[in-house]
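Next up: the structures, one after another.
First chain A sits with chain B, and in the next complex the same chain sits with chain C.
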Partner chain A sequence: MSHIKTLAKDSLTLYGQSFQSRFLLGTALYDSPQQMLDSVSASGAEILTLGLRRQNPENGDGERFWQMIRSTGCTLLPNTAGCKSAKEAINLALMSREIFNTNWIKLEVIGDDYNLQPDPFQLLEAAQELIAQDFCVLPYCTDDLILCQRLREAGCQVLMPWGAPIGTGRGLLNRYALKSIRERFDCPLIIDAGLGSPSQACDAMELGFDAVLLNTAVAKARDPILMASSFKGAINAGRDAYRAGLMQQRQTASPSTPTIGQPFWHQHTNT
Partner chain B sequence: MKSNSLRVVINAESYDLKCSAKLTDALSLWQSHCGEVEHFACAINGEFVPRSTYTTTKLNDGDCIDIVRPVGGG
Partner chain C sequence: MQLTPPLQIAIAGSGLLGRLLAWQLSLLGHKVVVYDKRPPERDTSAAYTAAGMLAPISEAASSLNSNVLMAGIESIQQWSLWCQSLNLTNALHHGGSLVLAHPQDSAELEQFNHDCRALRDNESLNIKSLNRNAIAELEPHLSKSFEKGLWINPEAHLDNRQLLNRLDAILATQQVTFNFNTDVNVGPGEISETQSDKIYRYDWVIDCRGAGARSQLGQLRGVRGETLHLHTREISLRRPIRLMHPRYQLYVVPKPEHRFVVGATQLESEDVSPISLQSSLELASAVYTIAPAFSEARVLEAGVNLRPAFRDNLPQVTTEPGLVIANGLYRHGYLLAPLVVEQTISIVAGNNNYACEKLSAPPLTNRQAVYEI
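Showing the complex of A and B:
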């Protein structure tokens, strides 16, 4: 009974809003809108990321996409992907708030075209301004401890450090830094970007991260719907493992079967 | 371009309007070329313009208007 209660209480709370799923899913790169919808359904995700782009009506299918996203009933987390300055990100966030009617923003300010690494200085500046304008900022940041401290001081209630550069699928590149962040901050921490396999997502959750945000690993799988389901299972497994408490690693072997009562023992000692 | 008109760029395409044109006029012209759009947001020269001010926002020659719409994102 108490075990069931414990499971039921394990919700994710972000800016005062509770979620049962710890899987945040992106909505780009799918072969079709229907495949995206089916993947969302298989993932169990309750929060979806999406973006804003110039798009003339004759090009693309913006209205249909918007209707499909709304039909999921998921919480929307618009991003500022592609912005390279605080000013760009702030203005795109304001446009997002008007279109999506939400003050949640996944704040991205990119500082390098090669690895899409966040620009920490512009990111902090944008976060400060947007929080002053009543946004709930979820910053996509590096695993730099001091940057995370500054973002927390600015008022970010959630941090989203990268596991690896966007779209690389390389997993948790800097476990030391990520573990340090987990140990130092008690706010929700979401690994955002760089995860390529369910085992990597499980790894992040076992480290104590509160959730995982990804897109490419699902959308570019041979079977995105099956992969979404696989990530869902891995994230839940990792979360349960973290809550259950992992055993301490040891250098030397230790038998799990009792040695007392071992038959034939005397035969070995006599030879 | 005529002297009593101004030229603006909307999503990288040029449009000519009357000198007295407001943002709402530019958006109407854009939609008459490209089709009706319901969900969009707008910026002029990189600065967000709230929907509530479309009818009062004056345009200047050379203004660059960005109109954005929802797309998939990560």
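Showing the complex of A and C:
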């Protein structure tokens, strides 16, 4: 076997920018900013999401907190968490572009208060408008194939379907839909939200998703720093497994030890 | 330096720490002057806005810090002693706290229970699981929809405004001088007025301005908190109720005269503008689901204030000759004040080797002061 894949540089490219890490981490819900910074460092993440909806961004009242996030040197991905209409999300995106000096936006328009499910109609409307205004839109969407198609047509170069509703930790709820999306789109796909354990993140990467974005599973762990490191390992393992090519599952046992010496009439099959 | 009383001591900030320190230091015979930029008639301190909970177990479970737990359990005992010496017979309530979640959020309660138990093997912790009937027996006025709860002891709550009023009255009799409407900068052994450049010398300056010290303490930030103060005669509660929810934890704390404090939001913002509609909705709907009879409660106040916090959200007491800086009590003002007061007084008494081990912070000596001038 050649080692081309092993040796080749495996970077993630989003809107023309390359990253070595495939782990995008949120900055909310930690016990302290110090714990957040230590978790970021342990995660190896190069892209951090942050919300500013409730921090009175017009007056820059979250500045001291934002400064700590900037100090990581990571690429910042402001989000529109908490917005419930296209208009709110667009306004917040415009504000965050000024504050953080970036045209990247994690577009999130919530349709249901309880499970924070994205509103696909408002999301698409906001994406169209923001792309017209030169934003690089990373939309948080459901696993609906048609919605993903529409977002691609609108000009989104990255899609971020959910694994499960935000904060539930349930992993990939609809594998069929997620697999279909992976098969149908060749753009970068990031599983955003719903992952609770490193094994689920690994699962997403094995399915061929390009990266994973999460927050709660790390921030709410008993030891967030250790959990960040654990996710990092799982994401790398899943990515390597995907690149290495998983074997096909088979119905029958197939011994890895040669069966030479065993009479052929003892080799049963169930088929 | 002279270490026996009377020392000339200036305290910057008349919040909880400022007032407790003024009280304790003047009792020790020192001459104390307090500076605060606020007007005398309007208490803008975080201590006044706060709910006055002493909830070491619940707080430690949400931040998983067992040092906060141990310091907090000692703190309840200290508050008992202080209330006795302040002759506050009915301001400290020892009924524990009740932690609840609606049936659809029961995972939050299980997580909380798990986190409490993970804190530390400690015989003094008493965490009791309750069913619907046991909840109703403990707090008859709550909604009957709660199927499971946790009763957590030892936890307590203080009638904090009663306490602050009593401290003010006592300080007036102890010849503590208050300079209100006076914004100051602090330095070793000196206080300078920002408006006039006047400088005053003291044996010790103690800086406990909370979020008000941000201009001098580069590492300090404010964390916005919003509360609702309600009044209703329809409900009475005996202890603080904490409601677990997937996205926030809210509490309602009973106060004298049929008042209740509902809190508190926690936003990484230094915004002190009035409460937002979103926050009002969250607080109001949470308290409504705790007991629907709250629907006709009157909203007396909507408090907004900044919790002073360092990066690790733990308090710091730092010192150099002539100056002590005590700040960063974050959301644990009442809970950790006894510890911070004890450390500060110990420094002023000449015990610079006092090790600040209780919160796992490095020792005080040789520790660089955090202020920037």
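One rule holds for everything that comes next: the second predicted complex is superposed on the first by the 244 of 271 C-alpha atoms of A that agree within 3 Å, B and C clash if a C-alpha of one lies under 4 Å from a C-alpha of the other, contacts with A are read in each partner's own complex, and residues count from 1 in each chain.
Throughout what follows, a residue touches a chain if its C-beta (ideal position, glycine included) is under 8 Å from a C-beta of that chain, and two chains touch if they have at least 3 such contacts.
For clarity, every value in this text was computed on a predicted model and none was experimentally measured.
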Legend entry - Which of chain B and chain C A:R54 touches, first, second, both or neither: both
Inset, instruction - Kindly classify A:S39 by the partners it touches after superposition: chain B alone (first), chain C alone (second), both, or neither? - result: neither
Inset, instruction - Check the residue A:S229 against both partner chains and state whether it touches chain B (first), chain C (second), both, or neither. - result: neither
Inset, instruction - Considering only the touch criterion stated at the top, classify A:T142 as touching first (chain B), second (chain C), both, or neither. - result: neither
Inset, instruction - Go through the superposed model and pick first if A:E98 touches only chain B, second if only chain C, both, or neither. - result: first
Inset, instruction - Specify the partner with more touching residues on chain A, choosing between chain B and chain C. - result: B
Inset, instruction - For A:G62, decide between first (touching chain B), second (touching chain C), both and neither. - result: both
Inset, instruction - Would you check which partner chain A:Q200 touches, where first means chain B only, second means chain C only, and both and neither mean what they say? - result: neither
Inset, instruction - Classify the contacts of A:D31 with the two partner chains as first (chain B alone), second (chain C alone), both, or neither. - result: second
Legend entry - Set intersection of chain A contacts, chain C complex versus chain B complex: 54-56, 62-63, 65
Legend entry - For the chain A and chain B complex, residues of the former touching the latter: 26-30, 36, 49-58, 60, 62-63, 65-66, 69, 78-79, 81, 87-88, 91-92, 94-96, 98-100, 166, 193, 213-216
Legend entry - Sites on chain C touched by chain A in the complex: 62-65, 111, 115, 118, 214, 221-222, 224, 246-247, 267-271, 273, 276, 278-279, 309, 311-314
Inset, instruction - Could you pull out which chain B residues touch chain A in their complex? - result: 11-12, 31, 34-43, 46-48, 50-51, 66-74
Legend entry - chain A residues touching chain C - in the complex, by the definition given at the top: 31-35, 37, 54-56, 59, 61-65, 68, 82, 167, 220, 222
